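Consider the two complexes below, in which subunit A is the common component and subunit B and subunit C are the respective partners.
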Partner chain A sequence: MRLIVDAVITGVLSGGIYVLMALGLTLIFGVMDIINVGQGALVILGAYLSYLLQQHLHIDLFVGLILTMPVMFALGVGLEAAFIRPIRWERTTLSILVTFAIALLIQGALSLTFSTNLVQMHAWYVSHSLKIGSFYLAWVYIFDFLLSVVLVAALYVVLNHTKFGAGLRASMQNRTAAQLIGIDVERVSAITFGIGVALAAAGGMAYGATSAFNPNSQYDLISRLLVIIILGGMGSLRGAVVAGFGMLIVEDVTSVVWSPVWASTVFYMLLVVVLVLRPQGLFGRLESRRQ
Partner chain B sequence: MTMILSMRNVTAGYDGSDVLKSLDLDVEEGSITCIVGPNGAGKSTVLKVISGLLRARRGELRYRDRPMTGLNPRRALALGIVQVPQNHSLFPAMTVRENVRLGAFTVSDPAIVDARMREVEAMFPIVRERASERAGNLSGGQQRLVEFARCLMLDPELILLDEPSMGLDPRTLKSVFETVARMHEGGRTILLVEQNVRAGLGIATHGIVLESGRVRLEGSHDEVLGNPQIGRLYLGTTVSEA
Partner chain C sequence: MHRRIVAFVAAAVLLVGAGLAAAQGPIKIGISLSLSGDFSADGQGFQNGYELWADQVNASGGLLGRQVKLDIVNDNSSPDQVQTNYQKLITVDKVPLVLGPFSTLLTKPASVVANRYGYAMVEGAGGAPSVFNRGLKNVFDVALPVINDLDSFTQYILSLPPGQRPSTVAYATNDDPFTQPQIERSRKLFEAAGLKTVSYQTYPSETTDFNPIADKIIQSKADIVVAGTFMPDIVAFVQRFRQQHYNPQALIATAGPDLGSQFTKAVGGAQVAEGILVPNTWYPGADNPGNAAFVKAYLAKFGGAAADINGDAAEGYAAGQVLQQAVEKVGSLDNAKIIAELHSGDTFQSILGPVTFNSVGENTAAKAYLFQWQQGQYLPVYPLAAAVAPFEYPKPAWH
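After this line comes the complex of A and B, so read on.
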């Protein structure tokens, strides 16, 4: 029983990292109707940026986000303007190809710059733990979780209590109607893409602080992120949060109850069952957006 | 007779094909002008061009005798033109109140938005009665009324309505068209596209028959309804054949 509780706590804490990464992906899909398969590569890029700041400027990983998130936001806005906005037809399909090309470019550039050797980030909170009763929790998981809580709360405030947020939610629900009431949907799309990529920067740092990574890690990441947003319901922010935590809890509990070998398999089986019963995912709508 | 809107030689369409072909069309200020015609005639395309959703390939649009250059939806709103599109156009996961307030998205002064909100609530009690309810939970007719309420938040001069009768039962349709007439009584000009020819022309002061992207017939309410060709059109034949 103690192991299961331990696994649930670890699942919740590490689930926050995936929630951050998946929120960016589902937000972009919700507003722009595109699937950014480059999100995994952008996460790894974010991890390398944090690694660079730490190695060369001795900037703490979490403090470094003050620099990396705005930089990645600007990169996201630029990518949207250069590669996504020009797609006028077959937007959803072509965006998969375009963002896959972006992922390959980022992966290639990172491989040339850093090689494909695994990188492990170091900080005191990575190697020290907090003892609560008989549990030991690595500080990095606690800080990552707090970071995800703060960023998800900030995103919630922006979405629900600002004019931009109202415009973004309106664009997610009905793009044409949003245009007709004067919302600059293209501007909203660019900023949304920027927010999604900035969240990838935060997720990348959090991921890099808990796992060794190299440029090829993007493939594992993007498959897991896509699973999260499909399970949660494409375009559903609440779904991404629930599925992100759910995935990690199921995997961690399966690891201790059964075997780590079956951890991902059990989760994917659960995904299939949910999709058979609810093809739109946990919180998705079959016809959530009208054009 | 003052024209609030004129289209001259306008050509527009989608994916390389023209739907409107050198269209000439006038909308008289203070009128309810109803555009009717068969499917594919270009009725909705006319509204999309005027509201800036679709850019005309050729031709000129004039609003109050001034050219409408660089037209996009925001510019159209600034001129006082709003469109209520075909099908459900509310944001279903937002409340009725949020939906209506978003009608004034381009207004930066909250006091003006609050004042407009009070006016709209007075005209459409449903906005106050169902304020906290999700718009997606309303019936089709109720959603239409909330769409109308939202479009009035900018106190527009010209309202474009794209098939407001779509999907409504006869009783609800009657209520919706009465509301259209009330919006007109406020001094606004209404350009209406309707498949339900009888209902659309019934409340219109002017009628326009559109066919294959061109105006085939236009005139006052009496002229259009009194024209024997309209009867033939009801039966599915073209005006030119009649």
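After this line comes the complex of A and C, so read on.
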């Protein structure tokens, strides 16, 4: 019992990290109808940026986000303008190839710069824990969780209470109609891609403070992130949040009560069951989307 | 007609000349290494070792009087890609000799391809039982057979007086063919001696979230922990154990802590690594012939400190040394003759120590050392003949 409680707590706390990374992915899909398979590489790039700031300028990991998130936002806007916008037809299919190319470029550049040695980031909160009863909660997980709550809340406010958010939601519902009523969909797309990449920076820092990583870690990440947004429903923010927590909790509980060998299998079986019953994912919309 | 004959003779002379020149060109040695993917840290170590060996051969007159040139291709740590690579090296690049890739997982498929073309595969990192039990006659591992890696540790623990001896053990292992047999063997030895198993977990090598596994070990409150890991998993375990204030009396990992400063940096500094154990077949200070020169050449070429030299580099270098001696003894690049020589029972010299192969290609003369991190240094502590510092037991509490 004690183990299960531990596993649920661990699942919730580490689920927050995956939510951060998956939100960017599902947001970009929702607005632009493209699957950014470069998200994993961008997360790792974000982790290395935080690592650089910490190693060379001794900037705390969380404080460093004030720098890395805007930089990554700008990078996202640039990537969108340079590589995504020129795709005029077959956007969804071609974007997979284009963003995969971006992922390989980033991975190659990171491997050359940092080598493929594993890196883990350290700070006092990585090794110290908060004691509640007989449970120890590592501070880094608590902070990561709070970070994801803050960023999800901020995203919620931007989407629901700003003019830009209204334009974004309109573009999500129907890109062509949004264009017809005068929304600058291309601008919305660029900013959305920027936000998605900035979220990857935050997710990368959170990931790098809890796991050892190297440029190749992007493959593990992107496969898990894609699964999260498929389970949650492609383009659904709520879905990404629920599925992110759900995946980690299911895996962690299975791992302790049964065996780590079954952790992923049980989760994927659940995914298949959900997709059979709801092909659009937990919160996805059924009708096909129109450009 | 006369002119034609002259032209023909001239062409023939040219062709023979070109053929002779090719024979005198460098000897290409084909190698597939994991320069990216899960094993990239180890793959890089092997590349350094192989390159140093080639430098040393070329500096001292070459192999059979010819220079050696390495043809290294990347397999991305993939057992499929490694087969393609050796296939290409042997049939397209037509290399006359090959050396092994990194890890048991990749050596198994690689040696099958080499066997198909009658090539000897001398290697330094495919040492698990599953490499040797397939009836192949062409695979030769210069390192200690992996199954015996943890023996120095079990011997030490079982040599402790009853009052100090731990009574419970937790095991967790990656399902990799390199790690699992070692853990299984140490469990058998410990259980036979009356040490109770309080937790035994096997996890898939794709696992990225190690916390639930670590939590189960912590809950078992085992006296000692035997971990069948590579670098990412042992780093995650150390971090979790620290966060949860779990202090086993001994913590040994099959691999990871042997990667020098890469390991200490990843766990958060040398003081965190204090007391962590790892088995290995080599260390910079070993008094095997040629070892001091190897360490010197390594530092000159790649920089850093002796303590940071990856054991993989030594294993790669040693594989090269053994292949070189076998080729020189038979005096040709005929792989059938080389394989016969390697099986002859002759003893070869390497920086890992003496090498003698049994009928399946295991090195029966290999040495096993147990290493411990002590005050930022990676030191052999057992067996006593090789120990440069006393074994720190029990392990001090986390820093």
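We take it that the second predicted complex is superposed on the first by the 287 of 291 C-alpha atoms of A that agree within 3 Å, B and C clash if a C-alpha of one lies under 4 Å from a C-alpha of the other, contacts with A are read in each partner's own complex, and residues count from 1 in each chain.
The rule we apply is simple: a contact is a pair of C-beta atoms (placed from the backbone, for glycine too) under 8 Å apart; a residue touches a chain by one contact, two chains touch by 3 or more.
Computed from a predicted structure; not experimentally measured.
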Touched partner set for A:181, first subunit B, second subunit C, both or neither: first
Contacts of A:264 with subunit B and subunit C, given as first, second, both or neither: second
Touching partner for A:39 - first (subunit B), second (subunit C), both, neither: neither
First (subunit B), second (subunit C), both or neither touched by A:14: second
First (subunit B), second (subunit C), both or neither touched by A:111: second
Touch count on subunit A, higher of subunit B and subunit C: C
Of subunit A, residues touching subunit C in the complex: 2-3, 6-7, 10, 14, 111, 115-120, 122, 126-129, 136, 138, 210-212, 214, 216, 220, 224, 248, 251-253, 255-256, 259-261, 263-264
Complex contacts: residues of subunit B adjacent to subunit A: 15, 51, 53, 73-74, 77, 82-83, 85, 87-94, 98, 102-103, 105-106, 150
Sites on subunit C touched by subunit A in the complex: 35-38, 40-41, 44, 175, 201-204, 206-209, 211-213, 215-216, 219, 231-232, 235-236, 239, 242-245, 262, 265-269, 272, 398
Subunit A to subunit B touching residues, read off their complex: 89, 163, 166-167, 169-170, 173-174, 176-184, 290
